[in-house]
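The two complexes that follow have chain A in common; it is paired with chain B in the first and with chain C in the second.
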Partner chain A sequence: MISKLFQFLSSLRLTVVLLGLGVVVVFFGTLGQTSDGLYVAQERYFRSWFSYWTPHGAAFPVVPLPGGYLLGTMLVINLLVAHFTRFKWTWSKSGIFLTHIGIILLLLGQLATDMLARESIMSFREGDTRNYSESSMDFELAFLRSAGSNTLDQVVSIPASRLKPGAELRQELLPFAIRVKEAYENARIRLRAPVMDSNRPPAATQGVGARIVIDEQPPTRTMDARNVPAAVVELLGASSLGTWALSGELKSQTVTVEGTEWRLEYRPVRDYKPFALTLLKTTHETYPGTDIPKNFQSRVRLRNTESHEDREVDIYMNSPLRYGGYTFFQYQMGKEQLADGGRGTSALQVVRNPSWVTPYLGCILVGVGLLVQFLMHLTKFIARRKPRAV
Partner chain B sequence: MKQRLPLIITALFAFWILGALRPRRDPEYAFGAFGRLPVVFNGRLQPIDSLARNSLTRIREKDTANLEPVKSWYERPKIISATEWLLTLMTRPEVADGWKVFRVDHPELKAMLKLPEPNPAAGEDGKHYSWNQFGETGLKQIEESARNIQENKKDSSLRNAFDNATLGLYEAMTLYLRLKNTVHPQDTVGFAAEIADYQKTIPAGVKAFQQRMTGSGTFDTNALTEVFGHTERYFVTLRGEPPLLIPPAAGGDATFAWQRMGEALLDPSFGAPLLKHLMRVPKAELSPEAAAEGIRLVGTRPLSPAVGHWAAMADAFRESQVAGFNTAVAGYQTYLESLRLGKALNKTAREQLYNSFAPFSKTAALYIVAFLFSCGFWFNFAEWSRKTSLHLVQLAFVVHTLGLIARMWLEGRPPVTNLYSSAIFIGWGAVGLGLILESFWKNAIGLAVATVIGFSTQVVAHNLALGGDTMVMLQAVLDTNFWLATHVVIVTLGYAATYVAGFLAILYVVLGFFTKVMTADMGKSLSRMVYGILCFATLFSFVGTVLGGIWADQSWGRFWGWDPKENGALIIVLWNALILHARWGGIVRERGIMNLAIFGNIVTSWSWFGTNLLGVGLHSYGFMSGAFTALMIFVGSQCVLIALGLIPQAKWRSFSAATSGAARPGSVTV
Partner chain C sequence: MRFTVVTVVSALAWMAAGCGKDEVRVYQAPQDALPVAAANPQGGATQNPPVSEIPRSAASGSSSSVGSESSASERPAVPWTVPAGWEEKPASGMRVASYGVKRPDGRSVDISVVAMGGGAGGELENVNRWRDQIGLEPATEADLAGLRSIIPAGNRQVVMYELDGKKAVLDGKYPARTLAAIMPAGEMTVFFKITGESALVAEQKPQFLAWLKSVDTGGGGGESAPEASASSSASAPASAPVVSGGSERASGVGGGGGADGLPNWQVPSGWKAAGPKPMRLASFDIPDAAGNGDVSISKLSGNGGGLLANVNRWRGQVGLAPLEAGALAANSKTVATAGGDSGTWVELVGTEKTILGAIVARGEVSWFFKLTAPAPVAAQNRDAFEQFVRSIRF
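For the complex of A and B:
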């Protein structure tokens, strides 16, 4: 029984089936991007154990599919079992061994990247200094209090995922509880129009919420737009402090509790760095007479007070800044309105991926392995032909 | 005689090709010299010849202008060069507007614009129409429908053939208008005289303008109106964004300092940036300091000498003065040489030669002829037929290679920079592999595959070239020769190899099913070829894909992002690996491998074109909707071939008991 199982797990038939399923899953995962957008499709087809493909407009799932995790795991098992049971090491198979070790490394490396890599955005205007980057997906509810003489603020932050309608959240540093009334994944806020919105009460009783309404939006899935969440919470001190509207589009609001001023912000999750970047200059060139971009370039000043580093760096396409375990890529570039000063703006993509080296190793192994194996085939083939050739 | 035949035939073709390199004399107007003059368009410096050919190709799908399209070729219709057409359009638009250079095929579009049906007596061929035939109402109609489509069907997958034809014609018309206003406003009659008039109005006009801006008392309204009368005409030409015609008076290599004619004409008075700012053109507003500087410079800048040269050329051509025109062209050339534009002038001369040589259309013809000779070999096993095919393919490969090198030289780039060049390069790779196969097996199979893929990729490239310039500048993210030379070249060679394996398999099925040519030995040698090529394909597509991952890691911070193009490349790797493992495991035999390899054609085409059609992802810079139909037809044809391959071999004409006996003479056994 067990030997049969091993036979199955090590068989080339299984390899062929897995590769075939791989082709199918990657194909549907690509098609899925047209309707679901890159991020959702990726989660659904590749970062999953099982999935199914639904054509446009169909009411029920049509094609059941294995997920990327399942296929990857099975391939690794297939390879390992085959090597421990079926394969015998010989020099003539060294290429195959190298290739397979490389493939395993690539698969594990991709898994590690999935688990460990963090991406965020650092966006600023010319002259601005940032020591943090912001998540492009996740928001947090932050309560800030200036901490006496210290210039740093005291921050209590709650991830947006915990803001579920009906939830009541407490934190010992906060002199009040938070009761969630409403929460939206994606919403726009606008000023409440007294006539048009006569049948809609303001979003909240306190702060700017008393003057706005929240319009829920369908969650966006495209690469170039992002969800801006919103919520309405009630703050409960000794008595109710009223309801407050929160949105990623709003600046901070102030609530005073027991003589202390707290600022409320609903903002992208921040990742603070032990160093700071200042955007000095942005350069955006196009080819003459066209809109085809030729170059996007940000000149930044990198300052690290601990290591006493202070230098200027250029970040542009295909030339990122690597520093302190992070990599900063040129991501977007723009210009603010002339009325606001007309300064250049720049957004850098910040990536932290501790396992970045595994694909490089894996690729070298597979590349060398394939080359060795096929060169051996080729020399054998030519050697065999030689005596016959006229 | 038969022994010499291959060389004689090849030599004839070689003479035909070399003949195209012979410089042509212009009997009257110096169109050749004019075509070499530099211009900046699509962000790159190019000869007028390229601008003319690419524009005409965009408008009428050919790079020459047939002025009598209703005549058949044997009736000798009047055909003029693209350069002559463009020169006429720029300087005598009222003549060019009567030429039938717009190709319109879609019947509903023709009906909407009330274009005449084919009628030889009235000079209508039902396909080509002149600018005048569209009329005012036609222009308005096409503009409105195009806007409507652009607004209501933003997603290009929603557009149907009519929509695409409408948008295509609208783009062609926009381009036509842009070109019309390149040298001077389209209603200009005597350009030099007009410029002289304008220059006379500048001093008084500028004075009045400054008085008005500083608010110091009264100013001469008439003087201001007069100068504005001129500047407005030049300003309007800028709206169409015509090509940049005027080189920087300071000379040098930088294309950034080139100006449009309108900008150069505005320099001596107000200057284009200031005028745009004052007219509130979006995105052209100046900061207060820049605006003040602009006002200070009003009336102080000289008129570029190039403008005068252009006026001389335009006026002479308009008045049909052959000698005057030729002198003016020579005069402008001397002026350009004095600008130390040296490199740029050499480049335009080379590019003009490349254009007129047209290496790739010549190779396409050679591949067809060579294919016929390789077919001849299978049916009578005459070695001279195979030799002829071999030499022709070798000749074509040399021309193909030279064409690629010329492109690389002109662009200063590795061979593959866009879809057009990828088609050329896939063809080149496949032909190279075919020649290698042929050197081993000598049974014309490698030649047949080389010629079929070589020719097909030229057809694909030709259709891609209908979109216009094939040497457009690269977007910032692609602007790296290192990755273009490694990742792109290797992954494209992977495509080429997978196609070679697929077409070998097609030969196996087609020759086996329909003819008695296939012997068991030939089948075996084909199967070995497919196997060897698949190994090559796996190696190249894997390494190429991985290098793409490394590029992505270097420039975007992630090794693998599941982008459609990346996924397409991954599918090719997986599919090739699948075929190899299926063979190693004995799961499929000869015929099975062939069928799998044919499916490899579908997989590769999906990766090459299909992923671009999705319109999502970071690589979707090469979208064209017309390709969708072509892709579907190709996929359908491959499915039919696979279905044929699935029919048991007993029912094939080859391999049945009668033919699988002794090897025929001429087929080399391995």
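For the complex of A and C:
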């Protein structure tokens, strides 16, 4: 029984089937991207164990599919079991061995990238200094109070995914519990209009929530728009501190509990860095007479108080800044629309991928392995031919 | 090989655990610098927002001629008397106002009022730009004194340049001439200019001078005479009044409003004074990542076409259906200003945009205070705008 299982897991037929299914998943994943958008399609078809494809407008799943994780895992197992059961180590097969190690490294490296790589955005205006970047997808409910100094905040950050209606969240630093009343993946806020909204209560009882209503919106899947989540929570101290409306569109609100002022912010998840960038100058050049960008360039000042680094760097197309395990790419550029002309704005895409080196290593191993195997065959072939020639 | 298996298994286990993405994080972080749009009057703040200085709109002033009663737009009456024969043209770009005179033979002149921040580049630079436009060689600093004359504008004295081009730069047939008066006004400089076919400009010169004389420069004229005659630079100190805080000015101003025709008010923090815009007495920007808010202050003679008509025009701008006459009361409230006036307050909430407005009728004129912003920006600035309106003292 076990030998049959090993036979199946090590078979070349399984490899071919898995690669074939990989092609099918890529095909349906690409189709799915048209309705789901890039990020959702990635999650659904590739970062999953199983998935299904539903044609546009159909009410039920039509094509069941293996997920990317399943295919990748099976390929790794297939390769390893094949090695265990069939592969006998000899010097003459060292090239194949290296090639297989390279392929395993590629597969595992992709898994590690998937798990560890983080993309975020650092956006600022000329003169601004940032020591954090923000997620372009995920939000957090942050409670902030002064950490006893003039420069530091104590932050308690709750991911938006925890805000489910009915949930009650506690954290020992917070002098209140958070009871989630409503949560929306995508919503707009607006003033509660007189007459029109007279039969609709305000979104909350406290803060700006007492003046607004929350209009739920269908979640967006396109690349050029993003969901702005909203929620209504009740804060429960010794007694209720009222309900508060939260939205990614709102700036901070304050609640004072036991003499301490807490700020509530529903904001993109922040990733703080041990260094800071100051945007000194933006350069936005287009080809003459057109709006086609020729050069987006941000001059930034990099300061790291620990290493005492203080230098200026230009970040532009194909010339990112690599520092502290992060890579900063020039992403967007704009200008404040103000009467005085406004300051230039710039957004940098910040990528942290600790396993960025694995694809390079994997490819080198595969290349070297193939070369070794080829040279071995070549030398053997030449050695065999020589006596005949003599 | 065993190591590889262990790696795969641990990676899968980690994957199943979800990498702790849903964890509550507790950390200390450097405080944010104050955002530009710091106006956030919600959240229990009860004190008045800080008062910031605002430059005055260059075209401000109390009404001296009366705009069309039938005009439904927010066109304040212009603070000057338009000479007969001048045809009004739509203002555009930096122009506060624009007029033209045409002759059947194709000759024409263009009259403009342009307001720019600060010294607007300096007197010599401006003069040389005008000289270049009519084909004259650049002048030097020393030449300016000889080109300059001092003329009355309202109850002030301003500098005027008369530049007489000799080259036939217009259609290759006519030489051109320019008359330009420079009036410092607070943090702005206002340029009154007539340019065009040389003989026609000369013919229109009396009208141009009369027009300048008719400009209402406000009550404090004697004190605010420009220093340009003594200085060769247009970046004269701000001699026209600059509003700084209602509380500071209130004691110095009688019942007749500010020296330049605008009431006193308290500007919420985070609002930025915007440059002059056509038909407005003052403007503010409320910078916000979600889209800037825009605050406008304008004035119309009489009832400005009627309260309901104006409210319905605003409703149309945010996609709301017009109100019947009887429905206005239910859709508005009364707002009292610090100066004791009362106005009509409306909140017009469209799907994308929101308009908050206050209309204050005062004797012969109606004042319009209006905030237009994307819905979330309006929601967060609603209380600040109401405080702004309530702080008004005419």
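Criterion: the second predicted complex is superposed on the first by the 345 of 390 C-alpha atoms of A that agree within 3 Å, B and C clash if a C-alpha of one lies under 4 Å from a C-alpha of the other, contacts with A are read in each partner's own complex, and residues count from 1 in each chain.
One rule holds in what follows: a residue touches a chain if its C-beta (ideal position, glycine included) is under 8 Å from a C-beta of that chain, and two chains touch if they have at least 3 such contacts.
Here the structure is a predicted model, which is why all the values come from computation and not from measurement.
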item: Superposed partners chain B and chain C on chain A - clash or fit; value: clash
item: Partner chain(s) touched by A:91 [first = chain B, second = chain C, both, neither]; value: neither
item: Touched partner set for A:129, first chain B, second chain C, both or neither; value: second
item: Contacts of A:29 with chain B and chain C, given as first, second, both or neither; value: first
item: Chain B versus chain C as contact partner of A:254, first or second or both or neither; value: second
item: Partner chain(s) touched by A:60 [first = chain B, second = chain C, both, neither]; value: neither
item: Partner chain in contact with A:159 - chain B first, chain C second, else both or neither; value: second
item: Footprint overlap on chain A, where chain B in one structure and chain C in the other make contact; value: 338, 342
item: In the complex, chain A residues that touch chain C; value: 69, 73, 76-77, 80, 83-84, 104, 108, 111-112, 115, 125, 128-129, 131-132, 140, 146-147, 150-159, 161-162, 169, 171, 173, 188-197, 207-208, 211-212, 247, 249-256, 263, 270, 272, 336-340, 342
item: Residue numbers on chain B that touch chain A, as the complex places them; value: 40-44, 241, 243-244, 255-256, 258, 260, 285, 287, 440, 472-473, 475-477, 479-480, 483, 528, 532, 535-536, 538-539, 542-543, 546-547, 549-551, 553-564, 567-568, 570-571, 574-575, 577-578, 581-582, 584-585, 587, 603, 606, 611, 614-617, 670
item: Contacting residues of chain A [partner chain B, same complex]; value: 11-13, 15-16, 19-20, 22-23, 26-27, 29-31, 33-34, 37-38, 41-42, 46, 109-110, 113, 117, 119, 223, 286-290, 292-296, 316-318, 320, 327, 329, 338, 342, 349, 351, 353, 356, 359-360, 363, 366-367, 370-371, 373-374, 377-378, 381, 385, 388
item: Chain A-facing residues of chain C, complex; value: 1, 4-5, 7-8, 11-12, 14-15, 19, 21-31, 33, 35-37, 40, 42-45, 117, 272-275, 283, 285, 287, 290, 292, 327, 330-333, 347-349, 351, 354, 356, 375-376, 378-380, 382-383
